[in-house]
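Here come two complexes built around subunit A, the first alongside subunit B, the second alongside subunit C.
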Partner chain A sequence: MSVNGQSAPGPKDSTPTATPAAAPASPHGPAAPAAAPAAGPVGGRAAAPASAQLRKAVIVGGNRIPFARTGGAYTKSSNQDMLTAALDGLIARFGLQDERIGEVGAGAVLKHSRDFNLTREAVLGSALSAETPAYDLQQACATGLETVLGLANKIKLGQIDSAIAGGVDSASDAPIAVSEGLREVLLDLNRAKSLPQRLRVLSRLRPKDLAPDAPNTGEPRTGLSMGEHQALTTAQWKITREAQDELAFNSHRNLAAAYDAGFFDDLLTPYRGLTRDSNLRADTSLEKLATLKPVFGKNLGSAATMTAGNSTPLTDGASTVLLASEEWADAHDLPKLATVVDGEAAAVDFVHGKDGLLMAPAFAVPRLLARNGLSLDDIDFFEIHEAFAGTVLSTLAAWEDEDFGRTRLGLDGAFGSIDRSKLNVNGSSLAAGHPFAATGGRIVASLAKMLHSRGRVDGRPARGLISICAAGGQGVVAILEAH
Partner chain B sequence: MTDMYTQLVSRGPGRDIARKLGLPQPVVLRRYLPDQPLITGPVLVQGAGSGADELAATLLSWNLDVRRHAVPKEKLGAIILVLDELGRPEDLARPVLTAATSLRDLAPNSRVITVSRTAADTADPAVAAARQGVDGLLRSLAKELRAGATGNGILLAGGVRTTSPSTLGALRFFLSGRSAFVDGQFLTVSSAEGQLPAHAGKPLAGKVAVVTGAARGIGAAIARTLYRDGATLVVVDIPAAGDHLAAVANEVRGTALQLDISRTDAGQRIIDHAVERHGRLDIVIHNAGITRDKLLANMDEGRWNSVIAVNIAAQLRINEALLASGHFRSSPRIVSVASTSGIAGNRGQTNYAASKGGVMGMVRATAPLIGTHGGSINAVAPGFIETEMTAKIPFAVREVARRLNSLQQGGQPGDVAEAIAFLASDAAGGISGEVLRVCGQNLVGA
Partner chain C sequence: MTSSQPVILGEMPSLSKLYLNAAAAAARRRVLGTDEGAGLPETRHEVRDVKAAVENLTAYQHLIGETASDVLPAGFVHALAFPLAMSVMNRDDFPLPLLGMIHLENRVVQSAPSRFTEALDIRAWAENLRGHRSGSQLDLVTEVRGAGEEGVRWRGVSSYLAKGVFLPGIDKPTAAAVPAGFAAPDPTALWQLGVDTGRAYAAVSGDFNPIHLSVLSARALGLRRSIAHGMYLASRALADVGAAKGDAFSWSVSFEAPVFLPARVALDISTVEGTDGAWERSDYVAWNSRSGRKHFSGAVAAL
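Entry: the complex of A and B
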């Protein structure tokens, strides 16, 4: 939803009315949604609520712990440990000790059943006031960004004045469930009342029931892993091995340069002896990347292009972002780096092969930009999450494809292309790693800092676009602007 | 924590055995706790002049149990020897020998404090001789005191009175447990500047203080002590120490600034952070320092340069920014951590000692510059302090090192922090350009 009248540069005739109860005004004109231009997914929906009374939600800053490759420095750290550490670093950076924050929202993708109140427990273990409420959210890899959008909306609506959004994931300390067979036996055993009943239940147990049920990245409806899904998409969009390796190389090079420049000095707090993301290979080269063997899509033969170098490894880590109203930030003498302008979620039908599993952002971004009256040319920084190099490149290829633009986006032609020098300029997931729910917070905090230092572009605030793909064929995207 | 040996010989059979064997007999030192009396037991003020009378009257107004004449066999909390009117060396005899008769009545952890005038201020050889004599007298007496008792001196420059704010401030510091590990040392009060705190328990209330190298050890102790004394803290350390720094920041309810102080813009970033987040900047504690020990014959450029860059060049650059800033003008205070290595030297530490000697030179030369803004700058030189760093010294070497001082034990990080907190307070406004050793009167070196 376009929830910020000041920031959404829609046509003037969509000027919101003063009362929230007034009829919705379309940013594409005075027409009601029903009368919106014919058909396409982009033009077909649009209804911004009256937003005159909405205030801005600003990003004050962020904190994350370095991301560690699975089985590395954080092997013995739980999600709660890491989220608490990330929170405590944020509290220390901004002097939030004993502060009652409006709400803390975070989540994890791989979650133990005992972590049902993960975020609240992390808050209780942190230096924040114990009177700070918290909730858990889960939207696969989009979890972190969705917490930012949800909490920003609460701030815009005036429900809260401050918020901390975050995410955490550990693939090392992953939950392992017992098999369905054992689980049913255990539950029945609990319900059995007599010894004969118990013995009868136990007699159903078979050796195979004792094998644990470990989590995997396989899609429940297709049985294919995320990498195998992306391999199909990568091949469909004819993304070359060279292009993927180059993207991976740039990610490492940009991230290493950002560390060397001190970019992360106020974005990151070391944890368990790690001061940088352990996946970062500052000395990697295109030649080295070229020597790696394909690991996904091997049945595609020569079309197999996805290697361990141009795919993101499993990672552990946590991130947080401090959000606030302008008034709250001012009252606490805190910086206002950027504003959360707008966000959009999309999903694709990957089950029937209509689109690739990770292609939802290809639809979400055009819708989001259209609603805000923007094009790709109006964006100064693109933060496209690198689940795989092929994901980023397939998305860009789709946007550059005339047929995709016409038939799938309902446009007159291709959606457009981006200036690659604006893409993931301080590195992204291929180099930093990707602890699923923590990636959104990493990107939001980094982008907010970049936007703040850029300031204004052509007389308007610098603008950044975030795009994150997620399991289940979903995607969440967002626009931030320099404050 | 007090080391195990000290705990063992402080009481019971351990004490008797140590005494019989002639082993060192350190005691658990009296350390400062808020809301406890400045000192317990009577305070004997020796000295005949008006300076002594005025001082005794002030101590009375603090509700201390003041004596102008010793009561035989009465245990004393402190002896204050006021020697501000010495004309020639012979003048020492009467007050000193009178005080001598009371030395055996000093209680454990008591204090002997001299108040005299600086020898450099006079052209008269006899006056200078008498004044300089106090130096040798006090340092020797401090070595004779036992059971945690310490001897320290206050030197008055120019016409500074015995009751000037910083004389009284220094006196309170030396009397209290804040000076537990300061022994055989002098503090010069060079002006009538300074102000005693409105609330003795919170002498730094309303002040914004920056502590560098605050992630652990002495730096973390400084942050805790300044916080206890009422200051709002900005704790600084290198980004790689950020996790420990965050823990300290959260403990002292301050803000963490991850910053390499050897960056050229470090001073400005410190000022910006303090002013933007806390509205002002009053106190900067230069604590961050590194060691890269090597015999000079084996020294390489990297070891030498990194120590100089962090330990002194960075402080100089940050001070330049502070002195140029309009935000550091309201009775500003700078306190640097030097080291007794920079005074007495230490084998394998030519680079470190050069940097710490540099700190002391810098402090002396910066005093007049910051004085124009009503501020002060001083250094504290720790001796053997029980930290994570000194815990890594091999056992035998460490055991010898920690006994080689008048108090026969290592100091605590908090002891250094207490000296720094005092020098950062308004009460120390008349003290500038000084180096105060916190070393238990180390027997080696100066």
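Entry: the complex of A and C
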């Protein structure tokens, strides 16, 4: 089956790993309560982690370009430009010139229709071998993490030996569609066969059809923007303005400290004059954040607590992660920072407000940890994507809520609370910004590096949890472990 | 219902002609005075073998937010049958002026779905003329069957008010209780309705009533701006309830304050599930997102 030495052998019975495959199903007693709530209780699936039969997928490293606030340094850079820039930095860092990678997977949320093969085009424009296959993926803000999980699974299965996962988004260079009226006229014009037919079609054009149709962050089924949705959830979980501002402050402080400590030196390639994320305010303070006026939830009848300071701004940027089998990394003399242990996706019924739009991770994490026989206490680093400070705090509040744990998660009580000193220790999206599809790659590469430097904790590999919420009421979460 | 023979129309009447005729009738009444006849016409109108045009159906579905399936949305059936219902109110022996009639309420029971490929028989009549504190009220009933079939698939009852028209022999009820104050809940959806909302719905429903079309045409009829079609709003709410409702359901709406265009309408849909988790009903209420004034409310429920 091997052609040109590229294809990997099929699934193999590698030596059993240290993963406790026979671990108790759940630290919360019976994993699957008989009367399981419909929303997807914890446990419920009999399958133990399959890692005992599969080889490992390791994270070799990552590279991203600094994230820029929209309308800033990357205004004229396209998604393809930025993804190629991030890819080129990764290639340079790990000496991948002319390398035929098993597969490259990436995506963008705001994508031009002409970019139907965005990732393949970026590969063709990079120093990778032109024989490297690529595919595009889109799962809103979870795009980046989902590419990591999908490609890691291919490596685990032995389908490929190496992979690059990535994501990119530009809110500056966003696609603008023509109006529905103009679009239909143009399409019908193309189908018209005779001149009179064409004239008839053209006569349907009205001045208003010439106004463009710009993308917005509104949920198609509700018309509410993501911020307005989160404002409802923030109010539902009674998250205070002070708590949100504190989380935002910590994000900026931690990210600034990480830059100062040189943490990003081998995670980032400067681009278009930027060497740091342009949204980072190293000098911000709780006092300054407290002066900002609420921007979301003003019309919703609830107390408005969400400001531009505790919400992520629209951002441009790209990120990439190099994944490999242990053998491939060794053969190329490359580091093995962390392994991709497992991942889980969830979705909530947000349309009529049963759950908050961005609350899917509150369900995904308990399911993922239960399947792996873990609890929140077994996690050394929590990377909870800060779409809004209120998102992180609402998720934590849900996990600490007895009633939510019992009725929605099917547990005996609250899911648990986390040690806040382990949360987003090198900053997250509130400070770095959030180019939708690029956030997953940013977090995976940073967490892999943190886990590698932590090494072992209590005789086991250091463990990190990633949680990313996404539009459409979705969420993707994952566990990484130090290699 | 009456036992008299139905008037079978050869084809669906044209709404624009009906509106013109109604305008002429209104002028005639102004000159000649109102007929003294206070009863509703006993005749029912019927059209057979009605088929929906698929282009029109698709445009309707996209406008309302329904997936373009082959099944006719319940609100589309209303629009399809609407000219026939109007033709009843347009009869010379109909005692109330058609123009200026206010749509108060609409109740639909859909027992079985219809596809655009099927021919439908549609019947309409007026009944239940009664007093209202500010005029006279009546129900227009529409029934839809598969062509040649006995069982009713879709039955709609539309309550209309002729404001300021008091017919002899009809009791005027005492003033209704003051409606309870409305406190807007947190919305689950927000609709941004542009000035062209009325024109867009007119194009797919055929209801070119001037009060919906433009500021000027609405002013000509005494409104300060154009207003959204009530059935557009109710049909969007029905679409927003989603697929849980299945093919057989009841759907009601009662209209309060009109939606002047353009508008930001906030909406709350709350779902009631049975003990087994199955969908039972969804209640909806909509209000002006700025003033908090209630526009309409209603429910979709399993049969």
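As a working rule, the second predicted complex is superposed on the first by the 433 of 483 C-alpha atoms of A that agree within 3 Å, B and C clash if a C-alpha of one lies under 4 Å from a C-alpha of the other, contacts with A are read in each partner's own complex, and residues count from 1 in each chain.
Here, a contact is a pair of C-beta atoms (placed from the backbone, for glycine too) under 8 Å apart; a residue touches a chain by one contact, two chains touch by 3 or more.
Owing to the predicted nature of the structure, the values given are computational and were not obtained by experimental measurement.
Enquirer: One more residue to check, A:Asn299. First (subunit B), second (subunit C), both or neither?
Expert: Only subunit C is touched by A:Asn299; subunit B is not.
Enquirer: Which partner does A:His352 reach: the first (subunit B), the second (subunit C), both, or neither?
Expert: Touch status of A:His352: second partner only.
Enquirer: So in the superposed three-chain picture, is A:Thr222 touching just subunit B, just subunit C, both, or none of them (first/second/both/neither)?
Expert: A:Thr222 contacts subunit C only, not subunit B.
Enquirer: Taking the superposition on A as described, I'd like to know which of subunit B and subunit C A:Gly95 touches: first, second, both or neither.
Expert: First partner only.
Enquirer: Could you let me know whether more residues of subunit A are touched by subunit B or by subunit C?
Expert: The partner with more contacted residues on subunit A is B.
Enquirer: Which holds for A:Leu232: it touches subunit B only (first), subunit C only (second), both, or neither?
Expert: Touch status of A:Leu232: second partner only.
Enquirer: I'd like to know which partner A:Phe249 touches here: subunit B for first, subunit C for second, both or neither.
Expert: A:Phe249 sits against neither subunit B nor subunit C.
Enquirer: Tell me which partner A:Phe263 touches in the superposition: subunit B (first), subunit C (second), both or neither.
Expert: A:Phe263 contacts neither subunit B nor subunit C.
Enquirer: Which bits of subunit A are touching subunit B when the two form their complex?
Expert: 85, 88-89, 91-95, 97-98, 127, 262, 264-266, 268-272, 275, 333-335
Enquirer: What residues of subunit A sit close enough to touch subunit C in their complex?
Expert: These residues of subunit A touch subunit C: 38, 208, 221-224, 228, 232, 235, 299-302, 351-354.
Enquirer: For the complex, which residues does subunit B have touching subunit A?
Expert: Touch list, subunit B to subunit A: 239-243, 245-247, 249-250, 253-256, 258-260, 263, 276-279.
Enquirer: With touch defined as at the start, can you tell me which subunit C residues reach subunit A in the complex?
Expert: 65, 184-192, 196, 240, 242, 266, 268-271, 277, 282, 289-290
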